[in-house]
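One chain, subunit A, appears in both complexes that follow, with subunit B as partner in the first and subunit C in the second.
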Partner chain A sequence: MSTTTIDRLRDTELSYRATLAGGALSVFLLIALLGLAFPSSIWGNFLAILTSRSTLSSALRLSVPITFAALGGIFSEKAGVVNIGLEGLLIISAFTAVITTAVVGPEMTVVGLPAIWIGFFAGILSSVLFSALFAVVCIRFKADQIIAGLAVWLIALGLAPFAATVYYGGVNTDNLGTTLGTWTIPVLSDIPFFGAFFDADPAVYMMLVAVPASWYVLNRTAFGRHVRASGENPKALDTVGVDVSRVRYAGVLLSGFLAGIGGSALSLGLGQFVGNNQTMVNGKGFIAIVAYLFGNYNPIGAFGASFLFAGLEAAQIRLQQVPGYAIPDSLIQTIPYVTVLVILALVGRTRIPEAAGEHYDTGDDNR
Partner chain B sequence: MDRRSFVKAAGVAGIAGLAGCTGGPSEGSQETTATTTESSGGEETTAAEQTTEESGPSAYVGMVYALGGLGDKSFNDAAKRGIEEATSEFGVEYDEAQPSAAEEFPQFQRRFAQSSNPDYDLVSCIGYAQKSALAETAPNFPEQNFMIVDDTVDEDNVASYLFREEQGSFQVGYLAGLLTTQEFSAGSGSTTPDSKNVGFVGGVDAPLIRKFQAGFEAGVAHADEEITVDAAYAGSFSDSAKGKEIATSMYDNGADIVYHAAGGTGLGVFQAAKEQGKFAIGVDSDQSQTEPNYSDVILASMVKRVESAVYTSVENVVNDEFNGGTTTTLGLEEDGVAAVYGAELGSEIPQDVKDSLSESREAIIAGDIEIPTTTE
Partner chain C sequence: MSAAENAKAVLRRLTAASATERILISFAALIMAVLVGAVIILVSGRITTCQTAATTLFGTGFCYDPVEVYLVLFNGALGEPFLLNDPALFNPDWNPLNFGFALTLKETTLLIFTGLSVAVSFRAGLFNIGTQGQLVLGGLATALFSFFVAPLLPSGLVGGLILIPLAVVIGALVGGLYGAIPGALKAYADANEVITTIMLNFIAAQIAFVLVSEFFGNPDSQVVETTPIPDWATLLPVAFPQGGDFSILALAFGLALVVAVWFLLEQTSFGYDLRTSGEQPEAAEYGGVDAKRTTVTSMFLSGALGGMGGAIWVLMVMGKWQAGVPALGFDGITVSILAGNNPFGVVPAALLFGTLKSGSLAVQFGTGVPKQLVGVLRGLIILFVAMPEFFRMLGSTIDLEPDRETVATDGGRLGGDDE
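The block that comes next holds the complex of A and B.
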């Protein structure tokens, strides 16, 4: 790849981002303009909703599981393993987090760590173990990644409510009576509107740290380069002496780790696991896949997409309460999927890693 | 790829696929499997009993539960209470099936209807989602008695049971309307008297849930025409995170009391009430008892006594008075629905509010208050 091609790629990438950002900004300005011009119309209500602090903090909370699962999906897919089992990882970690806290005893403290945080880490651990199973099946035994990913989802979808039934006699767990709570940063949280960033669930802070950290790891470290090479051109990576399988294992385990944070945060934010129908995860793992495709495998883009979807959701539930303008919520729920169709089919900027979904065979018969 | 690794890969894919199947299309199919073995075990024992005992149980009942299964602390558990009550009262025996997807409703209905050992005297179909399945199954088994809860199927061998959810919702709406305008503080919550709004959170936007909303709004208006009801639907009965966000937005907006008809989504409403120091109203069962951690914010619950529908239908069958082709409506008068005060907060609700509620209850039963069943 010559320097000019790289430059051109970078330019198109930048102009794509500029278009997206510009588009979002102009939509907002249009709403603001209409809202200010006709304060008593739907636009005025919409503007009030978009600029309220309550909507912002809602959107932040709602985007936590989606963002973490999306970050996980990026690492896995960038390394060349398509992980569509993110939904399953969210379910299993959400459940394990609650049941572990319940078993330890919600009021207990073990070696200075409140039970709820033990549950939090146990949730992450369960997700990592689950993704390890997925990784072994996909990398060691070369199973079809899509089928194995579906299996991860379906197993989790059956296992979590089943285990809840065994332990609690019902698909929902009992309430722990305690949650992760809210961390408030004094002074900063008093800022109007943006104060929502400083008066939030612990998981929101984690998300705000994890997004730039993921970007840095992926783009500025040797490990990140190995991950990307493993997904784009595993042969080249192998040639320079890096074990492709090991990089892929790391990518998948990392996806389990990140999705686990999202799942634990989801259930411990409520102190309860709800297991009926699609469980309390309710498709967030699939929206995460949409989010990182929309964000073109860029952690910051994926966060932007997750935040956009969560923001629409937060705005939608508020708009429903304005008499007379009820937008059917089932319509809003299709927005992420319609977006990804448009992005994939019309904009065509999402570039799937070259070797994603393909097995890599080193060629040596050492097994 | 050599043959060995191919076999390995195929094996793993096969196992993964199998695991996928047992994982079930929606929630835990294992439950279904477990129940199936359980009920077939039950059939064996009943068969054994029939040979040893001359007089078997007075009736056999097949229960087909709604999605969500037993342990939902609400709808299905209430149905189970009804059949257990009937078991101890009339000596009936029952087998149960917990479908994990809507496609399984006709299968289970047919399995009970076809069975000759035991020959079921009644097949109970819990939940409105079974309506279309039962409408197809019932005409095929004209000799089999069916009952359905929450909807009507117009067949001679189906007894339909409906609830007047709007009446119970009216009562809790009236309670919310009366309390939101006065200074009231109990448990972990308190109201601000100057607020003029309360909230309603629905699960899925369906006519049945609209009935709850319509009754609630009418009840609030009965207390004070000026109070507005913020209403929103989550689009799911299990998305508790969304339920919490919806309720939080209502509390942020000044609502003191939020009523939910949203199943698992409603658990998020209680959490929001707790975090905001406001009140919530439960649904279907007395949620201050089924969710004891939230009893300090649950003012009351709109209880829907599914158990009495099941019990009554079994009683009719035992007494040879099966009322096929008719619809039984259970309202405040029949005690099919009721506003039940919270276990912890109930005693703190002022007596004059309780008196007003008793009065409105009498008025509804007497037909003096008209309650809409749909929102406009």
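The block that comes next holds the complex of A and C.
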């Protein structure tokens, strides 16, 4: 592909994203205008929901699993392994976190660490182990990455309700009676609206650190350079003496680690794992993939997209509580999924890393 | 012309080289999944609590015995032809037309439809994960159509002969149109079909729920479901027991469809275009295949097969549409992958997976191991089929298999091995 074509592609991509961002903003402004003009109408309700602090705080909470899975997906795909199994990693970590806490005993403290945090780390560990399996299957055994990713998702989707039934006799776990709680920063949390940033789940703070940290690692460190080269031009990386397989393993394991944080935070934030149908994860792993595509593999952009999806979800939940209009809840619940679909259709032509999805053979036999 | 000839040659070599190997890989994957499943059964036997250990290994007691679980599974799926733990071994009261076997064939029949649906899309290089959503909406369309049209027709055999085929066609049409959406998104907006189909699964479930709970629900029922279709408009069990919900007519239709899909894929120019787009996209372009149109048509076809699966689920199993549709679409992925995406392979694969599904009920009843075990096996089978290289390495260490070219799993991303 010649440089001009790439440039033109980038331009179109940029204009796509600009149009979308502009579109979102104008919708918001329109609602604000209508809401201010007719405060007692449904538009007034919309405005009140969008500007309420509790919507912001639940949007932040809901964006945690999506954002962490998206960050994980970026590292994996940038390294050249398309990780469609993020959903599975979220499911397995969400379940392991709860069951570990329950087995240790929710009230217990081991070496100064409350059980719930042991559960949190156990959830991350389970996700890392699963991603290690995925990595071996894809890199050592050269499996088709999409199919292996689907397998990871379906195994987790089967295993979590199975294990829950073995232990609890039903696909849902019992409620732990405890959650991760909230960390409140004095003074700052008193700020109206934006105070929600300082009165939040511990995982929200982790997310706010992880997003810039991921950007830094990816764009400003040697490791990040290797990851990007491993996905774009593995041969060049090999030529300068870096082991491509090793970088890819690191990328996939990192995706397991990050998705694990998201999954643990999701279930421990509620104190329960729900295993009905698509489990409590309910497509968040797939939404995460769209989030990082929309964010063009930039951790900050991916966070923005995740926050947009989570914000829609939060607004949707609040909208169900508004009486006096006749849109069925189930229809409102489709809003985030439809939005994801529309966005994917509009940014579909994202340029994925050149060598993503392909195996890389070093040529020597010590693989 | 020459490009098309080239592509044809490539295709011929690909299929010839891989046919035996694929069957071997499917079997090996199945065995591996069963073995890993056994380990999972053992481990979960340590998590749960029981009065007496079912089995003891290395001085440790386990609540579940994997060998027993698998024996009960197959025995249950066949309607207990064997008396386990009895020297007589054979059950003198066994009748092939039994309830357990009817359940197995019911699952098999449904899985043939969803397996074919997935196979068609995978052969076209499209990962249609949306068979579930296509099945949900196709089934709903069938249920509503049958309910509203039934009063206009004479009841009885004549009405059934008119209504049932029409209802299946309606299901196929709706499923097909719903499948064409991600096809069009893929063709004209380059939107990844894995994600769009998964999103559309969620949307289909919600839309169907709203339609039934708000507009077309059964007013006499607490559950979200449509009013039942009259019996004469459903597929009633022939020969097999009533409760098994299995109609041999539906199975016959499924088998005819297998032949039809095979014919379409292998013997028509459309099938040739479809397969070439899946296996050699560049060659297909050079050969003059309209890639965009093929994508949309393939997805329509795949969705139509999924929608037919929904129609059969409604007409044969439920007699109405009810919320909480079983995950037949996801099982179809396993069936298709196990079958190497070959229409004829779908039949044994569906029978095998149908056996697992129906036997899991006997397992839950007989040994206490939850029936969700099948969900785990579903994923494990896909995982092992996806890594032929694993078995090749295994084979080469014990020096059975000569070196062969890597055969990529069908569907997209082909040519991934040559940089």
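Just so we're on the same page, the second predicted complex is superposed on the first by the 312 of 367 C-alpha atoms of A that agree within 3 Å, B and C clash if a C-alpha of one lies under 4 Å from a C-alpha of the other, contacts with A are read in each partner's own complex, and residues count from 1 in each chain.
Operating definition for what follows: a contact is a pair of C-beta atoms (placed from the backbone, for glycine too) under 8 Å apart; a residue touches a chain by one contact, two chains touch by 3 or more.
Everything quoted here is computed from the prediction, not taken from an experiment.
Colleague: Should A:A102 be classified as contacting the first partner (subunit B), the second (subunit C), both, or neither?
Modeller: It touches nothing on subunit B or subunit C.
Colleague: If we overlay the two complexes on their shared chain A, which of subunit B and subunit C does A:K142 touch? Say first, second, both or neither.
Modeller: Both partners, subunit B and subunit C.
Colleague: When the two structures are overlaid on chain A, which partner does A:V274 contact: first (subunit B), second (subunit C), both, or neither?
Modeller: The first partner, subunit B, only.
Colleague: For A:L154, is the partner it touches subunit B (first), subunit C (second), both, or none of the two (neither)?
Modeller: both
Colleague: For A:V340, decide between first (touching subunit B), second (touching subunit C), both and neither.
Modeller: In the superposition, A:V340 contacts subunit C only.
Colleague: Thinking of the overlay built on chain A, is A:N172 touched by subunit B (first), by subunit C (second), by both, or by neither?
Modeller: first
Colleague: Output check: A:S54 vs subunit B and subunit C. Expected answer is one of first, second, both, neither. What do you get?
Modeller: In the superposition, A:S54 touches subunit B alone.
Colleague: Touch check for A:A259: first (subunit B), second (subunit C), both, or neither?
Modeller: Touch partners of A:A259: none, neither subunit B nor subunit C.
Colleague: Touch test for A:F162: subunit B only (first), subunit C only (second), both, or neither?
Modeller: both
Colleague: Do subunit B and subunit C land on any of the same subunit A residues, and which?
Modeller: In subunit A, positions 137, 141-144, 147-148, 150-151, 153-159, 161-162, 165, 171, 277-278, 282, 328, 330, 333, 361 sit in both the subunit B and subunit C interfaces.
Colleague: In the complex, go through subunit A and note every residue touching subunit B.
Modeller: Touching subunit B from subunit A are residues 52, 54-55, 58, 61-62, 65, 137, 141-144, 147-148, 150-151, 153-159, 161-162, 164-165, 168-172, 174-177, 179, 182, 266, 269-272, 274-280, 282, 313-314, 317-318, 320-321, 323, 328-330, 333, 361.
Colleague: Report the residues of subunit C in contact with subunit A in the complex, numbered from low to high.
Modeller: Checking each residue of subunit C against subunit A gives 40, 44, 47-48, 127, 129, 185, 189-192, 194-196, 198-200, 202-203, 206-207, 209-210, 213-214, 324, 330, 333-334, 337, 369-370, 372-380, 382-383, 385-387, 389-390, 393, 406, 408-409, 411-413, 416-417, 419.
Colleague: Across the complex, what residues on subunit A touch subunit C?
Modeller: Residues in contact with subunit C: 84, 137, 140-148, 150-159, 161-163, 165-167, 171, 234-235, 277-278, 282-283, 286, 289-290, 293, 328, 330-331, 333-334, 337-338, 340-341, 344-346, 348-349, 355, 357-361.
Colleague: Residue numbers of subunit B touching subunit A in their complex, please.
Modeller: 1, 5, 8-9, 12-13, 16-17, 19-24, 26-31, 67-73, 77, 199, 205, 228, 230-242, 244-246, 248-250, 252-253, 263-265, 267-268, 271, 275, 291, 293-294
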